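Letters are used for the chains, namely A, B, C, D and E, taken in the order the chains are written, and counting of residues starts over at 1 for each.
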Amino acid sequence: MDALGPEEWTAIWLSLRVAFVATLAALPVAVWIAYVLARKSFPGRQVLNGLVHLPLVLPPVVTGYLLLVLFGQQGPVGAFIYQTFGITFAFRWTGAALAAAIMAFPLMVRAIRLGFEAVDPGLEDAAATLGASRWRIWFTVTLPLVVPGVLAGAILGFAKALGEFGATITFVAAIPGQTQTIPTAIYGLLQVPGSEPAVVGLVIVSVVLAMGALLVSEWLARRMAKRLGGK
Amino acid sequence: MISVDIKKRLGDFQLDLQFDAPTSVTAIFGRSGSGKTSAVNAVAGLLRPDAGRIAIGDAVLFDQASKIHLSPQQRRIGYVFQDARLFPHMTVMRNLNYGGSHDADRVIAVLGLEQLLDRMPAHLSGGERQRVALGRALMCDPQLLLMDEPLAALDAPRKAEILPFIERLRDEMQVPMLYVSHDVSEVARLATTLVVIEDGRVTIAGPVGTVLSQPETVPLVGPRAAGAVIETKVAGRLLDDGLTELAFSGGRIVLPGLLGVLRQTVRIRIPAQDVILAKQAPAGLSALNVLPVTITRIEYGRGPGVAVGLKAGKDQLLARVTRRSALRMELAVGQQIYAIIKATAVGPEDIGS
Amino acid sequence: RAEVLIFAAASLKEPLDQLTARFEDVVVSYGGSGTLARQVTFGAPADIVLLANTQWMDVLVTGGHVKGDTVMDFASNSLVLIGPQGHAPVPLTQEALNAAIANARLAVGLTEAVPAGIYAKAALQHLDLWESVQHRLAEVDNVRAALALVARGQTPLGIVYRTDTRISDAVTEVAVFPTESHPPIRYTGALGHGADGDAQAVLDYLLSGEGQDILATAGFLPPQDIVR
Amino acid sequence: MISVDIKKRLGDFQLDLQFDAPTSVTAIFGRSGSGKTSAVNAVAGLLRPDAGRIAIGDAVLFDQASKIHLSPQQRRIGYVFQDARLFPHMTVMRNLNYGGSHDADRVIAVLGLEQLLDRMPAHLSGGERQRVALGRALMCDPQLLLMDEPLAALDAPRKAEILPFIERLRDEMQVPMLYVSHDVSEVARLATTLVVIEDGRVTIAGPVGTVLSQPETVPLVGPRAAGAVIETKVAGRLLDDGLTELAFSGGRIVLPGLLGVLRQTVRIRIPAQDVILAKQAPAGLSALNVLPVTITRIEYGRGPGVAVGLKAGKDQLLARVTRRSALRMELAVGQQIYAIIKATAVGPEDIGS
Amino acid sequence: MDALGPEEWTAIWLSLRVAFVATLAALPVAVWIAYVLARKSFPGRQVLNGLVHLPLVLPPVVTGYLLLVLFGQQGPVGAFIYQTFGITFAFRWTGAALAAAIMAFPLMVRAIRLGFEAVDPGLEDAAATLGASRWRIWFTVTLPLVVPGVLAGAILGFAKALGEFGATITFVAAIPGQTQTIPTAIYGLLQVPGSEPAVVGLVIVSVVLAMGALLVSEWLARRMAKRLGGK
């Protein structure tokens, strides 16, 4: 990995941090939405499902543009969040994380939803008859059983977040040390003569990271299944 | 006293049940699809009836008229499901403690769970699983225990292994139970009251001894299931033979096996088809039990069988003989005859304590 | 933040990385000119904006997103026709071009959207070549992609900036479009509203002799108003 | 003749089976986990044994020595699974025709499927589903029919509904069958040969009547399951009583119900626990059947029960009495005594045709 | 939709065609790979799984570049396919379809694999004992039962293919009527100042198409389940 200079290593670390934070932050929401989609039936359920899938099927540049409009400093959501929480997304790594989270969200929800569909609602009934409150049931029964699905979703989301390009560069540009992730670094390098080794190095890093994450997720899911299934 | 009076429409199926159950064990008996699980779910609060009222003593769990509908959490009702529903990600110990740890040591001891506490549910046998489910329901200190065919998924040896535990619960824990089953010998062993459901409605209800020994019951529970249930006391042991002598109001009965300690109450079911009637006390017979009885009823059914109600002391017995025998023997109400019961005909599954 | 943040057209990466290495706390975010300009209109905290497109700079100035009095050109570029390494020069005539393209395509940036594509279209129209190649273009979203198409032999020819030819050994310049054939390819810069003295210093250095030398090494031409 | 001789390691479990089955119905009996399904799968070709040989007559299906291993497709073996495994996306008709349409009209008629042909499997009851599965297996003209607990998932009424169909198959279709079950009355009704498997090994094999009426069988099949199986012929009807008189080598037996036409062969199982022994021919008894028999064996078991082998004519009967009775009556081999059988004790599930 | 000129309409039709063909062409392969991943166990199974997921997690531009290297006229695969089948991908809508197919592939495989995992292998055993050949079992039992999963996968893939941008434009550029799809048109418009109305029009069209596809897929899947489940 001699081909990678300090700026590339910065991008790698930043990518990891962005993907990690994006996954972690999106996870609770993804779990909640997945739960609602798997278990509740209400009018507009299909619309919610469609909305969740949008970032998966829209061109990333469009998603990035919409993020810029909504979550920019002057955007309605961005301004509100800034005033309320003091968090600003514009051209900060937080924004890169937001873009990555939004793009990874549909994949996470899909995987987690399957997890919920695999949990026997009878167990929740059983917990209710044992006097457990809704919250206790959720945290002690539903959630632990859905962990394999959540894990699979989280890691797939992480891998996707690592590779996100279009929405990120459109929303928060590629500021080294702030928003320049592996994919945007690859994009920049492609403009410079003689940078092929660095490009190849970064591509290999991202492939290795993504494949590694996927393998770990499969392995964890199988271990989990083994523990619960007893075989 | 548990009183249930509910109506509920489920797709094409109409549930419309009224029954009262005393604070001991009430069995709900009925064939598949008759509405047993729905009834029990309504009591547990997992199914909201369209109308009616459910109460345990003074505590109203559901009353459509006054819009009361307690959540399952508020009902303090233990529920043992047919499929155990143990939490697969918790050890037996954590499963047990999930709803509380009321009387934990005793429950663990009564159900014989000491060795299992650290295991995961996936590593338990079917019978062990049901025992843990029972323990878990008990440890939340329920005011009522619901059991929906807790043994149906088990094969005969496993069933035989767990029944004594349920009996011990009944006798030692004093928790009222609603027990769903379609196995008469289970019902006879455990229940004091029997509620028979057909197609969403109660067709017979009453003390289990009375219901099962009434000749009218035969068509409802099937000819093989009919039979008397009597309470006996252990009167002695015939040690070298491995037999136990039981005393009841009508005399003494000898059964195989060592059935408890002296003076202990043992409940036995005597299947109607295993009772032979004789006009004179027979001699030189392998059957050990010959009881003098009085005929109280003779019920001619549709088929070739005749149900004969018998009084032995203060207890009711039931015999099923062919119409031909009934005529040949000139059976008549009030007649004094003998009932012959084979010691081996009362199988281990028909003996409860 | 004390650092100077530059938003710059991606094609400037090579010289700008060298230029800014002289300063501490200067970071550059590279991207397409349109994307960058749009981000600035949405409040990107750029201290310096360097675009390959004057049209977008006009938008920024009109919208008051940059300090209007600091706008100036700092480099220019020329447009070239490239072919695979070893390809013979191609005269810019219909026959020669048609022969060279044969029944393949000519790689360019999006002729309505990407600056290099817009310039290419103008040049081709000026040389009366547009009609004959209009339907044989392969338009891509950035110059680098056009270069890749030629480098991979997917198209025999492509139109890119002269500076781009340095990126790949697999391509060679086969013709140069005359400067008058297209609007001047102007690299124009301005200071953002948050810019301080440090930013001014970086911009000044860009225009200094040293800065211009670095740009020249990378193949850029001096700003055209200076040439004139 | 089907001959099976296989070894197969499955995880910790070792299957090591040898048995020969005649070309009629052979029952494989054993408790859960004993290896019944694995054995049947090996015959079907779904499980490849590690060693051994499987042949139907001259046709070798598997022979490790000569590397013969026919695929399931090549074996022409019909397989009826416990869970039916109907194709859920095809109508009953298409399910039936999937493997062929051999003798279609007759199969449909025998199994009573006429009304179901256009239905989807999801709209069938459990019993109907198994009938369709049976028909589907038959219509591919199998040289052998495997049935893996085809009735285990059904409740008693459903079971009673489908058993006669399987009997008709056996009698009218003449397809040899391997029938896995752990219900003795099913086995007694259907099978001619019984193979008992324990822990992957054959422990007893032989004609069903012989095996079930041997005193040694009691511990293997359980005390309630032991009993004689005898072939009888319908000798007459006692019409007004709804009874049927059956003749066999040991005399005549009267049973409730109308059991077929005159001279028809009827197979009945007489559970050992329902046979009472008497030294003198008793009088004035409700039990209709009193047969003179000779004691051939007395087997003292572990518990309080004693298994007594009896000869009635050329047939074997089995009685189970308490040790106390055996001693009190001074039973001895060779003794001439009487067996009393209650007509109602032989339930409908113990009577086959 | 006055904002849309003829060129935009052409792009819409072309997008539909490309997405349709991409989905249709990728489907058999996706079904096969999904089957292998769901049912077979072999060394390298995890690697295959990782490879399938790559286009999901790599930056699309990298995927497009790799396509160019492999499937370009001089690329090893591209040259082979041209010589063997006479199919060329360069700047043809076939190339756009190839890029869309590759990008949609992981989503299709994931959904179809779930379908296979839901089919009881016991039914296949049953069919084998009834004398059906492997092929007959596959086409008459396995495939029909996996149809809901295949459908879900196909439609999700279709939606994804509609939105694919980065790999497509890198691989086959944007040639109006040939390879210029909705996303390319949107990208082009976004680079031009003041083009927002047209952008909004195209974004609405692609959202409607994608949401429509997703709704149809859910509806079909539920109808299917109803038919087989009998409720």
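We take it that a contact is a pair of C-beta atoms (placed from the backbone, for glycine too) under 8 Å apart; a residue touches a chain by one contact, two chains touch by 3 or more.
Quantities reported herein were computed from a predicted structural model and do not represent experimental measurements.
Undergrad: What's the overlap between the neighbours of subunit D and those of subunit E?
TA: none
Undergrad: Could you state the distance in Å from the CA-based centre of subunit B to that of subunit E?
TA: The separation of the two C-alpha centroids amounts to 60 Å.
Undergrad: So, what's the distance in Å between the C-alpha centres of subunit D and subunit B?
TA: 30
Undergrad: Just give me the whole-number Å value for how far the CA centre of subunit A lies from that of subunit B.
TA: Once rounded, the distance between the two centres reads 55 Å.
Undergrad: When the C-alpha atoms of subunit B and subunit C are each averaged to a single point, how far apart are the two points in Å?
TA: Roughly 89 Å, centre to centre.
Undergrad: Enumerate the residues of subunit B that touch no fewer than two other chains.
TA: Within subunit B, no residue touches at least two other chains.
Undergrad: Name the residues of subunit A that each touch 2 or more other chains.
TA: Answer for subunit A, listing residues that touch two or more other chains: 65, 187.
Undergrad: What are the residue numbers in subunit C that touch two or more other chains?
TA: Each of 35, 38 in subunit C touches at least two other chains.
Undergrad: What are all the touching pairs of chains?
TA: A-B, A-C, A-E, B-D, C-E, D-E
Undergrad: Flag every residue of subunit C that touches subunit A in the complex, lowest number first.
TA: Contacts found on subunit C: 5, 7, 10-11, 13-14, 17, 27-31, 35-36, 38-39, 42-45, 144, 166-168.
Undergrad: Touching subunit C in the complex: which residues of subunit E?
TA: 64-65, 68-69, 72-75, 90-91, 169-170, 172-175, 180, 184, 187-193
Undergrad: In the complex formed with subunit E, which residues of subunit D make contact?
TA: 44-46, 71-73, 75-79, 81, 83, 85, 87-89, 98-100, 120-123, 136-137, 140
Undergrad: If you look only at subunit E, which of its residues touch subunit D in the complex?
TA: 120, 122-123, 125-133, 140-141, 144-145, 227-231
Undergrad: Please name which positions on subunit E make contact with subunit A in the complex.
TA: Touch list, subunit E to subunit A: 46, 49-50, 53-54, 56-62, 107, 110, 114, 156, 159-160, 162-166, 182-183, 186-187, 190, 199, 203, 206-207, 210-211, 214-215, 218.
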